[in-house]
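If you scroll down you'll find the structure; I have some questions about it.
Letters A, B and C mark the chains in the order given here, with residues in each chain numbered from 1 onward.
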Amino acid sequence: MIKGKIIDHTSLIIMIFSYIIIWMLKTSFPEYSQMLTLLLYYIAIAQAYNIFLGMTGYVDFGYVSYFGLGLYGMALGVSYASQNNLSSSEAIILGMILSVILAGSVAGVVGGIALRLRGAFFAIATIGLSQALRYLIEGAKIWGGAEGIIIAKDLRKLFGEEGFSYATIILPDTGIFILAVATGIIMYLIRISRLGYGLLAIKEDEDAAKVFGVNTTLYKFVAFIISAVLTSLVGSMWTLKVTAIYPPESFNITFSVEFIVIVMLGGGGTVLGPLIGASIYSLSKYYLGVYLPGLQLTVFSIILLLIVLLFRQGIVGELRSFLYKHEIVRKIIR
Amino acid sequence: MHLLEVNNVTKRFGGITALKNVSLYIDSGEKIAIIGPNGSGKTTLFNVINGVYIPEDGRIIYMGRDITKLSAHERAKLGIARAFQITRPFPGLSVRENVMIGALFGTLSEKINTREALKIADEMLKLVGLYNKRDELAIKLTGPERKLLELARALAMKPKILLLDEIVAGMPPAKVDEIVDLVKNVAERENIAVGVMVEHVIRAVIRFAERVYVLDRGEIVLSGKVEDVMRNPKLREIYLGTRFKGGV
Amino acid sequence: MDPGLIIFLFLQGLVLGSIYGIVAVGLSLIFGIARIINLSHGALIMWGAYTALTFFVGYNLSPLGSLFIAIVVGLSLGASIFYLVLRRLIGAHELTTLLATFALSIFLEEIARLNYGLDYRGFSWSLGVVKIFDYRLTYSSILAGVIALSTVIILTLFLYKTRIGSALRGVAQDPVGAYICGIDVNKIYALGIGIGFGLAMMSGVIITMYNPTGINPYLGAPYLLKSFVIVVLGGLGSIIGAYVGGIIFGLAEVVLFPLYDYLHFHSPMSMTLFTEFVILLILLLIRPYGLFRR
């Protein structure tokens, strides 16, 4: 590192630069706009999940639940607003608040219970949670039960016919972009803070971390909540795009695995990992869908196996270990 | 008032009683040694003092406060630092980051930011002679270097009491002297009480300590001034009575 | 309440529980030996069911014959997967084996989907029914329960009475120690995972004996999810615990479902599943290492 300049922000600058490029591409090439939104969506979720999975090493297979609760929060907010003749901006704000409250409180309960478990037990507990939520909604017919919630009509009422594309494209796309930037910056700030060092210590050796003074219970909990809440906000924006949500999709474990794969692929705990992971993942998913329709999942499963076998620490993570001696690498890969 | 008091502590693992009614104390800035053959319970004693295990019986008083049931991280914040016998670096982090974590979560904890923690880390790394390895991943260090990293990380916590478990085991004599002097200097400068645990009775370490406790099969069998204990014939017995091969 | 119904539900619960038991035993065995949570267990069950279907429809082979085919195929598949993939992941972060077995699960499901399509398939294999008061239970489902029980007994005898069995248990307890004692640990892992895969595919066949309809590429998923609850109930890694857990679970299910129905819940099946997962969470909270341990 440069003398006198102790904290180096190279990785943050690269990250922000990448966001700007993606946004410029998105506005200049409308035909790729939706693909780039999908990319930003994956980046935002991967950065949010990175704060928990990447920093602590705890694998939450039920992570999709926080995204799902975000979906539900917005859907409930919008339908409530439309029934009670609130304004469109009130509807969106209400939806976001509900998303945060739902995800935050469920994450609080789960964090309090499951974070006491480690490894496989934690993974199983989180699977149990996402499934319990799904079947509760279906079985007790909460929030529309198995029929889900459809908000297209409500959005038309709130935003008007001519505002519908604003509500379902421009607004969520911008929201997702802002969230991608925000989650990235928050991840970076955590990474260079006391919280970040404490979390990394937990990931490396939880018992030793305790002995060196890290309040592991508190730190894991804080990371878990921040991560869940950020993901729920991405979910709340996604609702506006899909305009209809159903319990099986909202709590589908396959999505959790998708998020895990992206974080893993890039390299957990690194600032640029999610960006790289999300880019590779969403581009290959997009083009597999175009060129090998029907075979995406088969190819995905093989790629996933190869990643697990070849890149244990993710692409950025492997590079980091391999090239750590070089100052430039240490700067870029934080 | 003593800095740390261990009163009648008993710790069992299933059928094994690793510590039986152990009592000892250490004063502020004092240097003591705890010796005993392999398996006599030294590491367990440390684990009980710094909160890895909670004893079945007995109490641990630190600065006049009962900390028997306090969690490990709170004890660290109160100034109890530890270097592990089986070294436990955070392997995927750099040497510097390892030591920074000590500074960030030790007694200074909330009082310093990462910038200041980094300065402390560099100081400590210079002190133990690992400064030029600061940007290596900890996993790349050799065995003896890991021991030094343990020491630097513990010192970075700015502790009031430093527990060193077999810190010089397996090092050549010249290196042992060097580390003993180093610890002695820092401890005197910063008024840190030091407890060292050793299996083999290394003269240098015995000279370093003001008092010594001898642990055998979980019990304190001898204690007192170094010269007195060393002259006690019982000491030979303990070591000869075991598989211990070296001389006293 | 009608006493005939109670007896019938009890028997039905035992049969169902025995099937859940055999599913969970395979999962628990693989975890016990290799510390791997096999997320492809459900997909293997599904392939077992398709094996029964294919051989019944194509060669008129009864599911009893398919049992053996399923075991052999599962055993060889498990051993191959171990040598190809999992061997490199033993002792790594559990995330890697979870992802590897999840990838395998998607792969197996996709192959089934490409091969058989998404339609629900079935066949009719009947041995007649036994009347318990006014209620009917098929002989084939009773047979399914009995075969599951016998398999667990044979497996237990194998583990506790044979040399290979004790090598398996040795590796489960302490792989390093077993290695020092001269056991070829990799072979034992391969065998253990093979047996686990064989049991999974075999349970798929057994499931078709209980109910020969509704076979589709995603048939295994609910069984896998339920098995999580069951293995935690019985203590992850314990064979007998898993089977007993399965029985408890089966009995609970035949009570819960009618109960939620009686209480007029919108979807009693979903509520039953919900309750099961809540039980899982409570168990993990109070007894993470199983009901029967210490």
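As a working rule, a contact is a pair of C-beta atoms (placed from the backbone, for glycine too) under 8 Å apart; a residue touches a chain by one contact, two chains touch by 3 or more.
The structure presented is a predicted model; accordingly, all values stated were derived computationally and were not measured.
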Most centrally placed chain - per-chain CA mean versus overall CA mean: A
Far-end chain from subunit B, centres as C-alpha averages: C
Centre-of-Cα separation between subunit C and subunit A, whole angstrom: 33
Where subunit B and subunit C are represented by their mean Cα positions, the distance between them in whole Å: 50
Length of the line joining the C-alpha centres of subunit A and subunit B, rounded to whole Å: 43
Contact footprint of subunit A on subunit B as seen in their complex: 50-52, 71-74, 76-77, 82, 84, 88, 90-94, 97, 100-102, 104-106, 109, 113-115, 118-119, 135-137, 153, 157
Subunit C to subunit A touching residues, read off their complex: 31, 35, 37, 85, 88-89, 92-96, 98-100, 102-107, 109-111, 114, 225, 228-229, 232, 236, 260, 265-274, 277-278, 280-281, 284-285, 288
Residues of subunit A that touch subunit B when the two form their complex: 6-7, 192-194, 197-198, 200-201, 203-205, 207-216, 313, 321, 324-325, 327, 330
Residues of subunit A defined as touching subunit C within the complex: 57, 59, 61, 113-114, 116-117, 119-121, 123-125, 127-129, 131-132, 135-136, 138-141, 145-146, 254, 257, 260-261, 264, 294-295, 297-298, 300-302, 304-305, 307-309, 312
